[in-house]
Amino acid sequence: MATLGLVEYIDAPPEVRTVYDDIMVTRRIDRVNNFWKALANDPPTLRRTWESIKQIMAPGALDPLTKEMIYVAVSATNQCAYCIASHTAAARKAGMSDAMFAELMAVVGMANETNRLASGYQVELDSQFVVGQEKKRFLAKAPRSPRRKKG
Amino acid sequence: MATLGLVEYIDAPPEVRTVYDDIMVTRRIDRVNNFWKALANDPPTLRRTWESIKQIMAPGALDPLTKEMIYVAVSATNQCAYCIASHTAAARKAGMSDAMFAELMAVVGMANETNRLASGYQVELDSQFVVGQEKKRFLAKAPRSPRRKKG
Amino acid sequence: MATLGLVEYIDAPPEVRTVYDDIMVTRRIDRVNNFWKALANDPPTLRRTWESIKQIMAPGALDPLTKEMIYVAVSATNQCAYCIASHTAAARKAGMSDAMFAELMAVVGMANETNRLASGYQVELDSQFVVGQEKKRFLAKAPRSPRRKKG
Amino acid sequence: MATLGLVEYIDAPPEVRTVYDDIMVTRRIDRVNNFWKALANDPPTLRRTWESIKQIMAPGALDPLTKEMIYVAVSATNQCAYCIASHTAAARKAGMSDAMFAELMAVVGMANETNRLASGYQVELDSQFVVGQEKKRFLAKAPRSPRRKKG
Amino acid sequence: MATLGLVEYIDAPPEVRTVYDDIMVTRRIDRVNNFWKALANDPPTLRRTWESIKQIMAPGALDPLTKEMIYVAVSATNQCAYCIASHTAAARKAGMSDAMFAELMAVVGMANETNRLASGYQVELDSQFVVGQEKKRFLAKAPRSPRRKKG
Amino acid sequence: MATLGLVEYIDAPPEVRTVYDDIMVTRRIDRVNNFWKALANDPPTLRRTWESIKQIMAPGALDPLTKEMIYVAVSATNQCAYCIASHTAAARKAGMSDAMFAELMAVVGMANETNRLASGYQVELDSQFVVGQEKKRFLAKAPRSPRRKKG
């Protein structure tokens, strides 16, 4: 059981039930996850977290499936077992196929590998990745790296 | 400069040039990033890493833009400055708009927050997220949590 | 069971018992946690770790409760299940109320979120946060950012 | 410069200025940090993040200084240079002395060490840290570990 | 059970059996770990990951035992329970004694501690650690720090 | 400059000079790194950290070079720029060749990748990795996975 226990619907005060109801209606489910039941011990955090999630995960420039897969990518990187399980389920519900999951994992694994290679080798930033003002300062100092001859 | 220095095209042995050429042709660019120039000090790692990246980032069940955004999500979670810069540039090149970047960051931030809330509150896994054999064992023990009355 | 097993008091050599005794007396408990029993397989590490913990967690400029809450904050960020459980228990024993725990978690969650927003957006350091010598170098280059008009 | 650049007050649309004004009034400062200027490229995220921070960092069961130190603890654990710099400055402003900072760092360092010792040694959870329902299941199986004889 | 389930040898398609056979022959074992059985749901990732592991973990400038201990060090730092368990077993099989394990853990713990002290104290890089071109730029600015008088 | 500044030898109180002297004699160097100069603002932490490092990094069941490479592995995993730079230098001084560095990085990268594949795929622990008491409980439930036919 969670540190402060789980607040079940039947025992929840009105302000918590209001959030639970909104979660269930928004997500078309008939009970809320343990995550929300644990946060419900602190109603302001429950409300704030749900309002943020609701705003962030809604369709926008990115579709909900892409957002759920990004959630899984972060959770796998952070090794959060609860979040991997719950967001993998959510991503599947949003349409993630086995093939999509497998490619997602391959990218997550590779990114975690090359993140360490880049840092471990102490690779300096390429001039073309330096943005704005920093770039001006950088370009004034860095010699052009040799380019491949064309043609 | 990187720990072992950067191997420029002009100084590279044939096996390294072959990889550089493949990177430039595959990505339609006219020079390779410092990341590859650093790895080129170890040609087998250069080749293996590039072959893996090439296979993983190719279009498949997920499109290249989604894959680049997942790469940015992991890199931001890991705080790898080089990787954030280079893959943000790659994602933009693959079509990521400012609005898509902003939503990506919002999801990454929120996932990092709720990963810690779930772990910090020691939330136990919901029975519906437990898969396969584990599930059978789990369900035999866990009492049903109360559902919301319908209708 | 832990990798090297747990060393119970009854089986412990004198040098380990001496540390166990000091832990129990200092913490006013009648048995030591599994963490110490696991480390006891390497008596020098057991002694060094306990001496460090004893020195660091003692009252000083910060009180023991604040220190235990900081321990929980780090453990939740790192997703260490054992450490979250044991230090949450220790923090409660030191006086952490449910309300304090909930606020602690809210800060930990938010910090993990904004850490990624700051890195993901590649936010450059404000001149007022640059300290000492670095500051002088920085200020010579950075233009003043516009301030809000007063009055 | 940040990925999407920084939105200065003079160039900000009204909805962004409203948030900037609230930040400056709440924090009694005369300009906002680059963090907020970077987020301002996405006004809903700017508003949501500020509203969350404002709610979370306000005095409650924990005082603002403790909260800022927890923020520094998380940021140091995550290696976020921007956040370490800005929240160390904020904690000092809230009253953190050099001695408090030094003790904070000592706890953060030690927690990061013992987190890995606990996980690396695969230490199993002590029965007294298992909470609620889990505890019942656990206690039914685990033999009592030997206690120190009293007296 | 793993997200996509485990592919047992008896149910595996030829391309998966070929990899399983190579793993068992190379490692002189008579069944593959669950890790491989989970990846087998995505044969290209199974093959690529195994080929990479096989190449990387083979004897070279570093011996296999050292490599397995490095694997454990990374896994403990990342808090990956599965990887800690499986690579600790592999390191033992490669010759890691209890004493070597204990020293490995001590180094991993200490490195995780000092990583945060270095970042938390915002320690600037010593001029002698700055390499190549960066060094020239750095040395032009940094005053020599006082040396201890010899003799 | 570091948060609390750097304590140079010439300005250091006797208790700090004693530690600096021991560092320089033990490591056969003629000045201490900035890391120690930053910690010197808190003499008890300086002393404790140095005594721990001195004990842990001394030759034992593992040789100093292996220990320094483990330090680099952890630092690269954690993305600590200062620590990567200083411990890469220390490892080189202890005898790490370019080829050894390259293999070290390859293992670190791969471990970071497979850590996330194992967690992301939610791979359950193999029965042979479960140790001691846990094993007995586990084996009572888990069906044997099919083995490859021999001969």
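Quick notes on this one:
So that you can tell them apart, the chains are marked A, B, C, D, E and F in the order they are listed, and the count of residues begins at 1 in each.
In this section, a residue touches a chain if its C-beta (ideal position, glycine included) is under 8 Å from a C-beta of that chain, and two chains touch if they have at least 3 such contacts.
For clarity, every value in this text was computed on a predicted model and none was experimentally measured.
In summary, the chains found to touch both chain A and chain C are B, D, E, F. Among the other chains, E has the CA centre that is most remote from the centre of chain D. Looking at C-D and B-E, the interface holding more C-beta pairs in contact is that of C-D.
Fitting chain E to chain F on C-alpha positions gives a rotation angle of 180 degrees, to the nearest 5.
Chain centres here are means of the Cα atoms, and by that rule the chain farthest away from chain A is F. In this entry, B-C is the pair from B-C, A-C or A-B that repeats the interface of A-F, since more than half of their contact pairs coincide by residue number.
For this pair, chain D with chain E, the centres built from the Cα atoms lie 29 Å apart. Centre-to-centre spacing of chain B and chain D amounts to 25 Å, using the average Cα coordinate of each chain. Each chain gets one centre point, the mean of its Cα atoms, and the points for chain C and chain F are 18 Å apart. Counting partner chains per residue, chain C has residues 1-4, 45, 49, 52, 77-81, 85, 88, 99, 102-106, 108-110, 112-115, 117, 119-122, 124, 131, 134 touching two or more of them. Contact topology of the protein chains: fully connected, every pair of chains touching. Remark: chain D residues 3-4, 41-42, 45, 49, 78-80, 131, 134, 137 touch chain B in the complex.
Within the complex formed with chain D, the residues of chain B that make contact are 79, 88, 98-99, 101-103, 105-106, 109, 122, 124, 141. On the side of chain C, the complex with chain F involves touching residues 1-3, 5, 44, 48, 52, 55, 131-135. Only residues 72, 76-77, 79, 81, 84-85, 88, 104-105, 108-110, 112-117, 119-122 of chain E touch chain D when the two sit together in their complex. Contacts from chain A toward chain B in the complex involve residues 1-4, 6, 8-10, 20-21, 24, 30-31, 33-35, 37-39, 45, 49, 52-53, 56-57, 60-62, 66-67, 69-71, 73-75, 77-78, 80-83, 85-87, 89, 97, 99-100, 102-104, 106-108, 110-126, 128-130, 145-148, 150.
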